[in-house]
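Written below as structure tokens is the structure these notes are about.
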Amino acid sequence: MSKQVGVGLVGYGYWGPNLARNFATNPATRLVSICELSGERRLAAERALPGVPTTDSFEELLNNEEIDAIAIATPTASHFALANASLLAGKHAFVEKPLADSSAAATELVELAASSGLILHVDHTFVYTSAVEFLANSIQAGDLGELLYFDSSRVNLGLFQPDVNVLWDLAVHDLSILQFITQRSPIAVSATGVFHPRSSQASAAFLTVSYEDHFAAHIDVSWMSPVKLRRTLISGTSKMLVYDDLEQIEKIKIFDAGVDFPESADEMRNLLVSYRTGDMISPRLHETEALAAEVTHFAECVSSGNPSKTDGVLGAALVRILEAATTSLDNGGAPIPIKD
Amino acid sequence: MSKQVGVGLVGYGYWGPNLARNFATNPATRLVSICELSGERRLAAERALPGVPTTDSFEELLNNEEIDAIAIATPTASHFALANASLLAGKHAFVEKPLADSSAAATELVELAASSGLILHVDHTFVYTSAVEFLANSIQAGDLGELLYFDSSRVNLGLFQPDVNVLWDLAVHDLSILQFITQRSPIAVSATGVFHPRSSQASAAFLTVSYEDHFAAHIDVSWMSPVKLRRTLISGTSKMLVYDDLEQIEKIKIFDAGVDFPESADEMRNLLVSYRTGDMISPRLHETEALAAEVTHFAECVSSGNPSKTDGVLGAALVRILEAATTSLDNGGAPIPIKD
Amino acid sequence: MSKQVGVGLVGYGYWGPNLARNFATNPATRLVSICELSGERRLAAERALPGVPTTDSFEELLNNEEIDAIAIATPTASHFALANASLLAGKHAFVEKPLADSSAAATELVELAASSGLILHVDHTFVYTSAVEFLANSIQAGDLGELLYFDSSRVNLGLFQPDVNVLWDLAVHDLSILQFITQRSPIAVSATGVFHPRSSQASAAFLTVSYEDHFAAHIDVSWMSPVKLRRTLISGTSKMLVYDDLEQIEKIKIFDAGVDFPESADEMRNLLVSYRTGDMISPRLHETEALAAEVTHFAECVSSGNPSKTDGVLGAALVRILEAATTSLDNGGAPIPIKD
Amino acid sequence: MSKQVGVGLVGYGYWGPNLARNFATNPATRLVSICELSGERRLAAERALPGVPTTDSFEELLNNEEIDAIAIATPTASHFALANASLLAGKHAFVEKPLADSSAAATELVELAASSGLILHVDHTFVYTSAVEFLANSIQAGDLGELLYFDSSRVNLGLFQPDVNVLWDLAVHDLSILQFITQRSPIAVSATGVFHPRSSQASAAFLTVSYEDHFAAHIDVSWMSPVKLRRTLISGTSKMLVYDDLEQIEKIKIFDAGVDFPESADEMRNLLVSYRTGDMISPRLHETEALAAEVTHFAECVSSGNPSKTDGVLGAALVRILEAATTSLDNGGAPIPIKD
């Protein structure tokens, strides 16, 4: 096996502990140091991972020669500054989603990584689940026929965030899945939102993503739902499926269902369409932790120099969609083109 | 009991048989005659209701003195002409939803009914279910606190319709429920849609309805979903609920759940919000056929002269929303104001 | 098409109206007359089926030459007397389940039908559902491998019956399905029960049915459950399945799951077994009313003289199991052999 | 806070790691040493809990003066010898369920603990869940009225065990819940089972537990089910409930449902019974790890000398039921009395 990748982690809040555990236990990585400003959280890190030193100085990570890569699990607003400094210090970067809080900042990071020959990886974890991998393979193999639409609900009673709207917090997951499984670039978005009377950020939002052809995607996210839903409908001309991430066993159900159109316009007038439904198949998926697979992939990219499946280019594309969506939301749903 | 209301029915297609059965068996109404152009369907009507004469002449209904009211269950495009003729002939009208295919036509019917002193009733059946009645009572009693949002999914693998988009076919139900339980008038809509490559009408659509304050509603409808969903989330500042019309027993679940905000702006910066969840209650609902209750209500309106709960005024308001939504859909989601 | 079978129906209570509707509308049968002692129910029959005469005299049915077959939908205690008289009068018999309230009576009916050359059909409706037909075909084709076990729950909040225990009311359905799909004869039963303090009949019961080899079946029935369950697990050495009759779409789910045993006894000590799980398939089933298919089958049997799929021989076998189960229940679960 | 209880753990297989983590992190306990024969598993223990020494000598635990209590997580057959030695060495004992493989052995441990003044605790973890605590409180407060029946399903595709049947592996959980929430002693059992052709132990079993009055309990367990079920129905004369341990949120649903009997025998003949159903309530439960609460309780018992909620007396009573059930199973369901 090749040399372990030395990782420094900054941010030990909500998601940081999961990254820490995975970088510490993955055979391809070594967790060298944890940087966290809060003394209480540093203590928590020390209890959970006795052998790993902690610090409140980010400079230390930048200057530590055992550290090959820096993982950034801090609030979105700080991603750019920390990733930028990491790359300038010659460290690969593993950045929490979304990559940055503006497309300009995201693009700058992508360019810096490219010119430095460093890996810029964004933690779009869902891409590394066996369910999303299955979807990508099915769709790219043409099993669904021509894609008709994608409709996702990701709602729950969630912590309101003061600095970003719910699209940046939740829809980013659906957008990463959508992008990964279709490998297509949207041309425009329309978004609307609902504001809780005591919050200045939209806490529920409804996003439609348009493409050059008939295909379109819709994403419904909320922090104000009494129930938790994680469900995506994907329909094609040959087959249709449901991906429900809350299901333990039957996460994906593929229906041999579709719409048949009459051959001639004449029949069309009278008969309209008929639909067919056949058997349903729920494929067996592997049960591996997505983050473990992602860390392995990241270490391979660092070793080989190959770009990550969720590299900065993808991460910046998603930030451009989120940015356009927020503009649309501020304009009552007016369609906003996606800049390339 | 007062005299039975004599009813003539025009249209014995998909929904007509349900109307026929209810008008025939309700003690407050008498089904006098059925008008249907298709000979095959007239035969089906005769087999199902042996004592009721059929005809292919709508004129006969208009001229039949035993007929007090005409029920219209034909395609939407014909509603205006048939309802207009009925009212001009002095007959009350019971019209399938949506009331008409344009707001101008709908308004003309409302005015004609008003000036003639006749009942104009629109068949928004959901309003007469015990579930929607329960929702209306809860919300109007303030049980949910201030309303935050309404989010409804009504999707299935459905018959494409050649002359209307999916909003006019499916979202009309959610709009009637929304209007009835909130008793509020929206100010604007934004809608986007997905077109099946072989159809000129949107076969999936996503509609956001805005009001003067923070409250907003979202409706997701589709003829292209492999699974059938009929679920509405309604959140208020005090309680939140789920109304799932496909559930046999637990159609409504009320969650003692909500969002608590910190008192001061200072706390706000640090703490954001917390959420509370308590017990869930699923109320027992009466199991009566909605259409039976609706026919009884219609007969009472005809006898008393009081307006129906789903009168032409409501029906025309919903047509205005559908018309604006279609305009928005044709413009990529651009917000369209609702005319009063 | 051959001549229609003329049917007289006795009993228009809970199930009778369903039989009446089917005998009246099936092209292969004609409903000649309905016999019912209650004047109120005769009135209900006349309203629902205007052209069919009613009577309170069973003699009239026996003497009516237009009647080829008599359908008996009265309480179980009266089945023997009515079916016996019907067969003696030369009429074919269609008897509600269970065939009789004792195995002696059931056997006597079977013998009388055989000696008279008449059809004796028992209304075990589940056998005529597309779900049970699918199960029978799968199992008899060996798709599940060697059958391991069958475990069924049929519980709800149900009307207590004063003259029979819950096994005769509910378990009879599971026993008919079990018999039809396995085509095997059990050798013994053990049953236990729970008695509501105010009822002299067991209102929940647990029945185990044993066979000559390893296979066994278990049936759990109750009138005292807050929720309704209709679920059967069937496991084989190759595949396992769940049949849930309350599911609208996914009534049957077949799991590519099983248990693998180590080859040698030596491995056995250390390794025990492992299990495998693969894809799940839910087959598309036809949506036809079981009773309609059953009436068609009955009419064919009357015409052809071939025995019914649910003839008196099957019906009597099930009565013998119920009788033995009741004896076991009265003896705390002691095993009781099934007489041939 | 009082002095921490020093704990030695023997057995680091399937369940041992959970005990180790809890004894190591609970503030009331200190994990002093882990004894495990397998070198591979000792290594796993050292990786997971770097500061805790391991050994392959059980003698070391017995002789270690820092150890106040020994936790035994080894196969059932070894429980007696290890617990006996622990108690003789003056150590409190925390024993995996079931307490022993025979009622004689279980009784001997109970007597030894009593005469030594030591705590003998059995790890019936379900008793420490918030769901079972809620059930116990409800039932003992009389919320359900008079108890009618208890019916539990605990089935899945599970690892076959070579030395015990499925009752000892799975039904032991339901029996502990049943005993804890009713606080009643059964008088007899009847059990039947299904044997996989390649196993000498019953791999599915059906157990009925009888009491002096009308109440009875039924438990259905299996290692051969394609789906996992963990559902218990509990009905009383006032209310009925469902406890589904696989539900994340709505684990307990209480139905305002029951059976009403007519006042007079005369009505009884005609009317039978009617049932009523009202609202359903699903109570909010606390989300704490049951094992954490259990370890805290055990430490309190060690400190105070008070008996545990799941002490040896309870553990031995459950072993007597399992022993009688196995005898019944070997005799085709014949009822076997429970010895006091």
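Points to keep in mind about this one:
The letters A, B, C and D name the chains in turn, as written, and every chain counts its residues from 1.
What we mean here is this: a contact is a pair of C-beta atoms (placed from the backbone, for glycine too) under 8 Å apart; a residue touches a chain by one contact, two chains touch by 3 or more.
Keep in mind that this is a model prediction, so the values were computed, not measured.
For the pair chain A and chain B, chains touching both partners: C, D. These two copies of the sequence, chain B and chain C, are related by a rotation of 180 degrees on CA atoms, to the nearest 5.
Interface of chain C with chain D: the two copies contact each other largely through the same residue positions, with over half of all numbers used appearing on both sides. Mean C-alpha positions place chain A and chain D at a centre distance of 42 Å. Computed centre separation for the pair chain C/chain D is 38 angstrom, with centres defined by C-alpha atoms. Averaged C-alpha coordinates give centres for chain B and chain D that are 53 Å from one another. Each of the following residues of chain A touches two or more other chains: 227, 249, 277. The part of chain B that touches chain D in the complex is made up of residues 249-250, 256, 277-284. Chain D makes touch with chain A in their complex at residues 50-51, 227, 249. Interface residues of chain A facing chain B in the complex, by the touch rule stated above, are 146, 148-149, 151, 153, 155, 157-162, 188, 190, 192-199, 204, 206, 208, 210, 213-216, 218, 220, 222-227, 233, 235, 237, 240-242, 253, 255, 257, 259, 261, 268-269, 272-275, 277, 328, 331-335.
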